[in-house]
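Some structures are shown below for you to check.
Paired with chain B in one complex and with chain C in the other, chain A is shared by the two complexes that follow.
Let's turn to the complex of A and B:
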């Protein structure tokens, strides 16, 4: 399967040139770009590991692409997402967020059902990968 | 000023009998509205021979303290304060018998935090008043002091996006079709296919409640199976607007509680349930971490014709105060009424931190929102993937684009229809961010994306000639005029 979190997951994986253009768009809007990685892609896993702090002070896309290259080198077998944060009043949240790296093989999720009273069902979504400890889930 | 227009005072004012409204204090051309006043702009069409100023004063009177005759009991009150004051009457451009009347209301005329009370005054008796042929509430300026007495949208655009983990693009939805007749089991099939194919949301239609062909519980159970299954299939948060509209508040609470128990992230209500019920559901939604979708069912009965009724921009303002998170606000390009300039005004009311007066968009006043959450406009009705560039250009990215027929009617099935819409959306956002001119290059961008996405190609081929080009009935009265630089 292919997880479809992020703004551009239905398109073919973005090339570095395409990622650079999106970063430039974020910088032009005054947003801080942030890189995060995880090997637990559960849709409710909000807090991915941060690759350093959000890059509040990097003004050019090339600098951020270098950070992405280092992050990929260290965590190329994980999901990496690039997000852009807008600190202006009334928003103070993420403005754009898309995947820039995926593991080679994405096993997806198991849906567990627990049958309850009156046909009520309790659903649990489990990434197949999280049966293994963190760091061993998408071994290359 | 002639004696007829002069406000009478003292003994003359309170002599038993009938006076003109403008003599009773409801026409005050020198009045400067206070920052805390509510201001309404009405379009009035007086009966033949009725003076427009008297008509405006009558509207002020009948929507505040007046009755048809002088009553001495006014003198037991601070009557000057409680009288609404018409202070300006302008002829409507390009019209011979219509006028815009501006009326100011003191804040103390209204109960804090109650749309029912506000509407009972402003659109209560006065709309049936005989000396007028027609009356339309065009816009209202709601002062910060009044806005702050309301909860506002239960969730708001920012938190909705955080909860759904979806940023930087419009959300995608579809209304399940056919809207009536499906069993719960079949209904859930449509939901699953559409969500798995790439939509973020599916939606009950306004009139799907609990009919003989499908009990509401069946719908909720099968829909949540579909939502969870699609979530596991894609690794992405999904939702379906479960319509909890019902005959009584007790029934609505029961349905909403059940939706919450099943883990739904959103419920839906119809405008026809009334403002008190809407405010109750907004408070319930805030307490239960639920997104609240409002379908504007019924609004066109009073919003569409320009000579009588209430403009949708006012309904949108009331809805934002009342506290819904989503509101249908028009598509411009789709099958339902929607002039582009007027629709722009509605979207501003939903999403701005501060809405500026812009007559060319039908916005008659500056409107502060006092940090109330933003409301997500929903574009629904006769739209398809081939219009994606126009939709994004006209409506921006904080909007739910709902392709009902444009998803379910896809020749290769529902999931393919959903995929076509999602790919069209993502490629257009990517192109926009890259700085491309999507309005002109839109069709090329879509055709390029369709090369690696057969469902999009089929969608473009199927609906390429579908447009709804009819004249709008509700259009702005003021044109943009060039100003000297």
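Let's turn to the complex of A and C:
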């Protein structure tokens, strides 16, 4: 099951050229770009691991693409998310966030049913991937 | 600011009076992008390209603003011609490889290396060889870390910032310290070499420093030598050129020299040149700063009633004549604690190390 999260998530995955253009748009607006990665695709997993620090004072998208390439090299089997932060109002707020990398094989989610009192049903979802410990979830 | 706004301001500033460089840049770069989208042309008018790309403006500016430096200007002209032709060739489908643009600027301190690097960034931007045209000026401290594992992220950070522009490494030879084999500079050099090779389209590296030390640096790092296509040597200024620079500097700040002061300044330049830590135009700038300081003190202490604009902007002979430069024998180190000459002295920036 293909995970959808952030902007452009219902489009086919962006090519590197398209990602570069999006990044350049962010930089031209003066936003700081940050990379994060995770191997827990649960939608409530909000806080991903940061890849380095958010990148401030960068003029050209090539700098960020260089960082993205090294992040993919290290964590190519995980989800990588690119976020852009706008600080013009005095605090950093996310203006754009989208996935730039995903595992080759995404097994999707299991729906768990729990019978409670009086034939009450409780539902929860859990990713098949997180049956394995962190770091081994998408390894081929 | 939206894309359209930028275009509009770009167009406006072209029409009205003094051109604003940054806005003009946007205008010309948009023009360049349009030209690239057109179907492949079969002929190229080099002179029109030369005018349209704004290369002429940059070169004229270079001629106008920089005194002397004839060989440098000539080399830049040649480089500009090469790049223009290369661009035309690419447009006709004759060339696809980006030419190597990394450069080394060698010359004594204060000969205009940083200024020319700024112009070079502008030139490369107008020709479309770099996307942004900004200059990131760094020294060893900005690239090399203080402990193991600190250098690589630091260097990469700088490289990221310089992407799309020019990375100017001043006194590059400090990166390599042969006397300490555990020096982290080597790590920075390796990253830089890799970037110079793999990101040739994304950034241009300019190394700068004294000629003899740079030669040694290149000898011990052959990787740099082979990756650098353009070596430009900056000659020292002659005494007349330095005087011209001094007059120009003062004019820009709305000061002028009295006739007597100009004569004293000529002899000041002669004296200063043979003393240690002579840094060409920078020494002159510092001397003028000190002269302004003395002029202000003279006006304040003489307390001669109301002053007019002329009195406030004239540097008199006595403002320069009291300089310790005249009291020193050639070759003697300047005594920086000399009370008469306190204040903004021949600061550490002039020292060769």
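Keep this in mind: the second predicted complex is superposed on the first by the 130 of 140 C-alpha atoms of A that agree within 3 Å, B and C clash if a C-alpha of one lies under 4 Å from a C-alpha of the other, contacts with A are read in each partner's own complex, and residues count from 1 in each chain.
Note that in this section a residue touches a chain if its C-beta (ideal position, glycine included) is under 8 Å from a C-beta of that chain, and two chains touch if they have at least 3 such contacts.
Here the structure is a predicted model, which means the values were calculated and not measured.
Look at chain A after the overlay: chain B and chain C fit there side by side. Counting residues of chain A touched by each partner, chain B versus chain C, the larger count belongs to B. With both structures placed on the common chain, the touch criterion links A:7 to chain B but leaves chain C unconnected. Look at A:41: by the touch rule set out above, it reaches chain B but stays clear of chain C. With both structures placed on the common chain, the touch criterion links A:95 to chain B but leaves chain C unconnected.
By the document's definition of touching, of the two partners only chain C reaches A:52; chain B does not. Once chain A of one complex is fitted onto chain A of the other, the partner contacts of A:87 are absent, as it touches neither chain B nor chain C.
Within the superposed three-chain model, A:64 lies in touch with chain C and out of touch with chain B [touch as defined at top]. By the touch criterion stated above, A:105 is placed in contact with neither chain B nor chain C. Superposition on the shared chain A places chain B and chain C such that, viewed from the Cα centre of chain A, they span 100 degrees in steps of 10. Closest CA pair between chain B and chain C after superposition: 7 Å apart.
Those residues of chain A lying in contact with chain C across their complex are 52, 55, 57-64, 66-67. Against chain A, the residues of chain C that register as touching in their complex are 131-132, 134, 153, 156, 159-165, 199, 201-203. The touching residues of chain A, counted against chain B in their complex, run 1, 3-5, 7-12, 18, 21-22, 25, 41-44, 46, 83-84, 89-98, 108-111, 119-121, 123, 125, 127.
Residue ranges on chain B touching chain A, taken from their complex, read 158, 161-162, 165-169, 198, 221, 224-225, 228-229, 231-237, 261-263, 353, 371, 374, 419, 422-423, 426-427, 429-430, 433-435, 449, 452.
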